[in-house]
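For reference, the structure is listed below as structure tokens.
Note that the chains take the letters A, B, C, D and E in the order they are written out, and that residue 1 is the start of every chain.
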Amino acid sequence: MTATVSTPTAAPAAAAAAAVPKARFDWVPLALVAALALAAWPLIGSSSTWLTLTVAGLAMGLIVFITASGLTLVFGLMDVLNFGHGVFIALGAFVATSVLGATAGWTGGFGQLGGVFLAMLVAMATAGAIGWAFERVIVRPVYGLHLKQILITMGGMIVGEEIIKMIWGPGQIPLPLPDVLRGSYLIGDAAIGKYRVLAMVIGLVVFAALVFTLNRTKIGLLIRAGVQDREMVESLGYRIRRLFVGVFVAGSALAGLGGVMWGLFQQNVIPQLGGQVNVLIFIVIIIGGLGSTLGCFVGALLVGLLANYTGYLTPKVALFSNIGLMVAILLWRPQGLYPVTNR
Amino acid sequence: MLNRILSHDLPKSRWLAIALVIILIALAVAPFAFPGSKALSVAAKMLVFVLLVASYDLLLGYTGIVSFAHTMFFGIGAYGVAIASTRLGEGFGAVLAGLGIALVISLVLSLVIGLFSLRVKAIFYAMITLAVAAAFQTLASQLSDLTGGEDGLTFKNPGVLSPSFELFEEPILGVMVDGKLFSYYLLFVVVLVLFLALLRIVNSPFGRVLQAIRENDFRAEAIGYRTVVYRTLSNVMAALFATVAGALLALWLRYTGPDTTLSFEIMLDILLIVVIGGMGTMYGAVVGAVLFVLAQNYLQDLLKIGETALANVPVLSSLVSPDRWLLWLGVLFVLSVYHFPTGIVGKLRARALQRAAA
Amino acid sequence: ADEIRIAHIYSKTGPLEAYGKQTALGFLMGLDYATGGTMAVAGKKLVVIEKDDQGKPDLGKSLLAAAYNDDKADLAVGPTSSGVALAMLPVAEEAKKILLVEPAVADSITGDKWNKYIFRTGRNSSQDAISNAVALDKAGVTIATLAQDYAFGRDGVKAFKESIKNAKIVHEEYLPTTTTDFTAGAQRLIDKLKDQPGRKVIWIIWAGAGNPFKIADMDLKRYNIEIATGGNILPAMASYKQFPGMEGATYYYFGIPKNAVNEWLVANHYSKHKTPPDFFTAGGMSAAIAVVEALKKTKGDTATNKLIGTMEGMSFDTPKGKMTFRKEDHQAMQSMYHFKIKADPAFAWGVPELVREIKPEEMSVPIRNKR
Amino acid sequence: MSNILELSGVHTHIGAYHILHGVDFAVPAGEVTMLLGRNGAGKTTTLRTIMGLWQPSQGDVRFKGRSLKGQATPDIATQGIAYVPENMGIFSDLTVKENMVLAARAARHAGELDTKRLDWIFDLFPALKKFWLYPAGKLSGGQKQMLAVARAICEPRELILIDEPSKGLAPSIIQNLISAFNELKRQRTTILLVEQNFMMAKALGDHVAVMDDGRVVHRGAMRELAEDQSLQQRLLGLSLGAHQ
Amino acid sequence: MLETKDLTIRFGGHVAVDHVSCAFKPGTLTAIVGPNGAGKTTYFNLISGQLPASEGRVLLDGEDLTGLPAPLRTRRGLGRAFQLTQLFPNLSVRENVRLAIQARESGRGKGGPMGGLDLWRVWLDRQAWVDEAEALLAQVRLADKRDVAASALPHGDQRKLEVALLIALDPKVFMFDEPTAGMSVDDVPVILDLIRSLKQRRDCAILLVEHKMDVVRELSDRIIVLHNGALVADGEPAAVIASPVVQQAYLGMAAEEPA
């Protein structure tokens, strides 16, 4: 047998480089949100009702986004699935009851709003601080071990809930909205809750801030690298531990903020709140693609809108609208809307 | 002989062997050795949880699948018996029919969930099952005509198993030989047999493949194992065993409701037990279930003592208040994931190994 | 024996921990009151054995069995949750001992799941619903209901509807127990009510988490729609503060009943705990008084049949005035209170002011057991 | 000639296993020291101990005269040590570019990478240029190895620890690698190199340490070992006409 | 025996394997060489089913395997050892090999009526599998480490275990992806001897990816060269190695390709 040799077509480097495609931005999931809203319009019939429901749904979605964003952040960057996230949400809400209780004397529109913002700050600080301890004691030994993460953070959740009961008591605590945030703006026949407007603004701010830090700074890179091979990042000379702590604290603080938003939305809080929202936020981040901030955002909006539309059109269906949405999305995109690679 | 019964999976640690023998004997003579209805309910609950947790260990410890829908199958078994007994009237026929239908439903459901979602990554699967379990709970509450909704179903057991049945007028060894006693021994025998069956399964060639899949599913595929088939099968089997455990619980309680079978808390209990006992060791289910149920039932009493002792120390006394027993269970849990990553059984075995090496 | 042992099984922990603790406190205060501080009846000491069912039916069941068999309790009181109570009923029957249900509300406890060992001092959901109906039932009123979509909510609405004679019910809205956003439901209610003439009311029956009163934020006033609901524990009534003028009927509010027992309760509660007694405190006290009264009548005899005989038809004075166990189903017939909310800055909650006491005779509470 | 790195009596335990039993050797500054030995001899463990990824239980590691004992890995790295681990330590979710940006500590984004050095790297490993924006996990085995080495040399370092860089590389790339290391040597960078490829060891090494069973069993000049066949046979099991 | 027809895969716009058609005969050892990133590993992945082909077909003894998932191809007789070691990390060395033997046996329907789904027999009852595993470990000089967890082995021993897994499968086609990379010099001959003895059996085809040219020269009966995914040379070792393509693109001092 003799050799059959063909000359390699010396591929020009430029062509080869061009052949390696850059990821294009995927608009489809965002379009889905719009499509859902538009499709609901004729079904609902009345434009004012549609407007009321749509705005309410978007606001609800953004509140859910805030509560879930910390979880996505921690999962997306650090690959830690924090089943204890709910506790930080509950903690934020309880701190808000205390702060708003103490600032009850602050009157007038500005005073009341100031109280609310103070509550947010304090809740974020508290949740962040507890998150710091949580990371040290509970999460640190189990980086990279999913199963243990699930188990140990669940244990943390139990303990956290009990401690909340110890401090604030086991019962329900009212968290009334200050008067400035009560009531609705009326656009024709459509009623748009004032608090919902505030929630939308805060949700969008959180979203923008997250997207900026993750995509425009080296921090995001470092953390993603650290998750895959922490020893290597350290060998390159970075103190990854501190960064990890930072991310966890940020995630917990976001949960605290989410807790305040959620508590004010519900206007009361119970210690079991964490467990109750857990399922909802898990559904949202699964839909989003586990770890994608944009995915979580879109997922939350879809959940919010769909809950309101089905609730209006066929309330029975609303019971299963979240899980139905999740199944549908996963059948369409098995990794969620915006899949995060290697997960 | 013993080796065959235990499928060559011996305790491999003297202390573990001793513990297992004590547990076996204690459970076998519980109605006589520990009279009183609380002790008996505790023992029965241990039995049910041994089976339930062992079936979950097949999934979690051996196959490496994290599922939060295990209580769903537990519930299906319990509701199967409860619904059949209320609809068809008490009797063994109803119990068997209920169990049969429940097994079929569990089979189909676990097959569907398995085929649909076992291809996705572990974490995805865990969260999907969490949502499915929540939805199932809603469904059970919605179908209240059938399931009794939030209140659950109270029903009567077939003749010999009902508490009013008494074989003799007089107590034997200080214990009334009644339906309760029969129910207990029914549980005991079924759990013992099924546990040994599970032990056999995990030590079969099939069970070994499950471990391989847990370790490296990519490699398992590359040497010719179809992992989806194995995973699904493991999922189905775990579901079926859990269904039986649910049916046993229903028979024992003569009551089935969402709180006893479907609630997320039960799922947490299962997880706690697997971890404390030791994942991937069937014996962990036994040791873990026994310790956990004991703690669940007696930790409060223990804390009560602590509280009285510390009554004057302000913060501490509220920490050890019996009402905060769950706090301590949680702490125990965290510590055991932390310090006994391989659970009690793993720890005992490692010690035995070290001693053998030294 | 020179002791009478009473088991009190309730949710010391679990989702209803807060309710359970109120009951327990009220129960002990009630024993204290009814025995004149001696904690003894006919020379026999009362011993209370407290047990925590954690809100779990299976645990409740085994605890009750243990209480009767192991602790030799003569009778038992509790539990907090209806699910637990329903699981407990057969245990009392097997042990042939009395279970005095307080405060679990499900109708079926004294309905189709009832047995002769079961008594209840707490109100049942029919009583709740009917009293509300009586409070709202006037000609020219249009009502839509909003309830949780499960058995408890549906039963409540059903009982409510059955007792409405004059008003018109145009819509029943059921929402999932886990609802957090009420906009959709509220919009449906508005659509149904806004073009109706006369007084328009949304009657809400809701228990547990979730806050249906948020629907008021949708500016119901622009359509002249009012909200009505039953009473609740004080923290939950904080949201009532937003609705001055809201009407409904409640089981208990410490400021409403005017009688010696309630005065004693309020005064002692204030002095010991710096807070007023709540919903379930009153219930716990009523249960204790019922137990002591019955024992006094039997002169400390705890034989079950004798107790049953004594208690059937027995009347006793409670913080809510006179209650009577009716013979047929052992449900305590009791007054309910038609209220109107006043926002008083001195209180963190909306204060229900008495409009009218609804006497037991005015409510035809159906007997649903198969006796 | 001074020693930039000195190991004296280093013992390392991994869990219950005693892996290094008193490792002694020195790495002279500005030259290439080869660390040779059979599989399992403890070479990787030695490098990891230097990097602080395992802590020595006894003995001392001194870098430029100062002890590294007890210091955390990032602190050791920032003193001027780069490390190419045996498993390459590629961040597979990140692109090649992002991997490089992380390796350059000073750079905040790709625009701040040292372009001259980058061109040199692209010359050595053309594949990296081609796959610049590609997720590194999708590179071929050899390309990953190139990336791992490229990361270690993308900024000047005083000492580079490299664990078997030649494995899986095509012969032409190995040639590039040798010339790269020679270039580094010219820049007075010290290299501690673990290799199984004796041809490469011969071509590069100034000094050699041979390990067996957690100890250093031979120290000396590379030239000596390269010429002494019987020593090779005894230390490394190299037979005549060995596979090079 | 094994044949690929126009086998192609594209990742986005990048063609990693480009219309490779080639047939492999039993009893021959074909070395596959090419620069890093030429597509050798990817070619293996396409043959053994780890990646789905964009185009083209894989035939084994005339049977079309193209649509089959990886495990079924393995059962048909395509065995694979990986470039990046793939083991069962927390199982013992012996158990790693035993599992491969079990896979082979049950794949051939010898594992009882239910094949690999044998739920009821205890694994130890199949002593033959255990014995075979022991024998194989002795062959690759890992016998004294049989009870160690695979993850605790040093790199070189892991490579040996990787090869042992493939040999345990006893396939019709052996695919070795750089089996000796990172192995110490005195262990390399052990693996090479194993490969040689496989060759002598003359009933199996052997595919070997290897960068060490002396190994290639000594073992191979035929060399094929991949470059940028395409098959650019095919023939007798001496001729191929001497060809300018190989000299320049692979061995040569010149850069792999213009940058």
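Assume a residue touches a chain if its C-beta (ideal position, glycine included) is under 8 Å from a C-beta of that chain, and two chains touch if they have at least 3 such contacts.
Please read all numbers here as calculations on a predicted model, not as lab measurements.
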Set of chains adjacent to chain B and to chain D: A, E
Most distant chain from chain D, judged by the mean position of its C-alpha atoms: C
Distance from the mean Cα position of chain D to that of chain C, given in whole angstrom: 76
Distance from chain E to chain A - Cα centre to Cα centre, in angstrom: 45
Centre-of-Cα separation between chain E and chain D, whole angstrom: 29
Between chain C and chain A, distance of the C-alpha-averaged centres to the nearest whole Å: 39
Sites on chain E at which at least two other chains make contact: 249, 257-259
Per-residue multi-chain contacts in chain D, two or more chains: 126, 129, 131
In chain C, residues with contacts to at least two other chains: 13, 17, 149, 176, 178
Partner chain B, residues of chain E touching it in the complex: 48, 50, 69-72, 74-75, 80, 82, 86-91, 95, 98-100, 102-104, 106-107, 111, 116-124, 126, 165, 169
Interface residues, chain D side, partner chain E - complex: 17, 37-41, 44, 86, 122-123, 126-127, 129, 131, 138-143, 145-146, 164, 167-173, 175-176, 196, 198, 236-238, 242-244
Contacting residues of chain D [partner chain A, same complex]: 51, 53, 72-74, 77-78, 82-83, 85, 89-94, 98-99, 101-103, 105, 108-109, 126, 129-135, 137, 151
Residues of chain C that touch chain A when the two form their complex: 13, 15, 17-18, 21, 149, 173-176, 178-181, 183-185, 187-188, 191, 209-211, 213-214, 217-219, 222, 233, 235-236, 238-239, 241-242, 348-349
Residue ranges of chain C in contact with chain B within the complex: 12-13, 17, 52, 55-58, 61-63, 65-66, 68-70, 82-83, 86-87, 89-90, 94, 106, 108, 113, 149-152, 154, 176-178
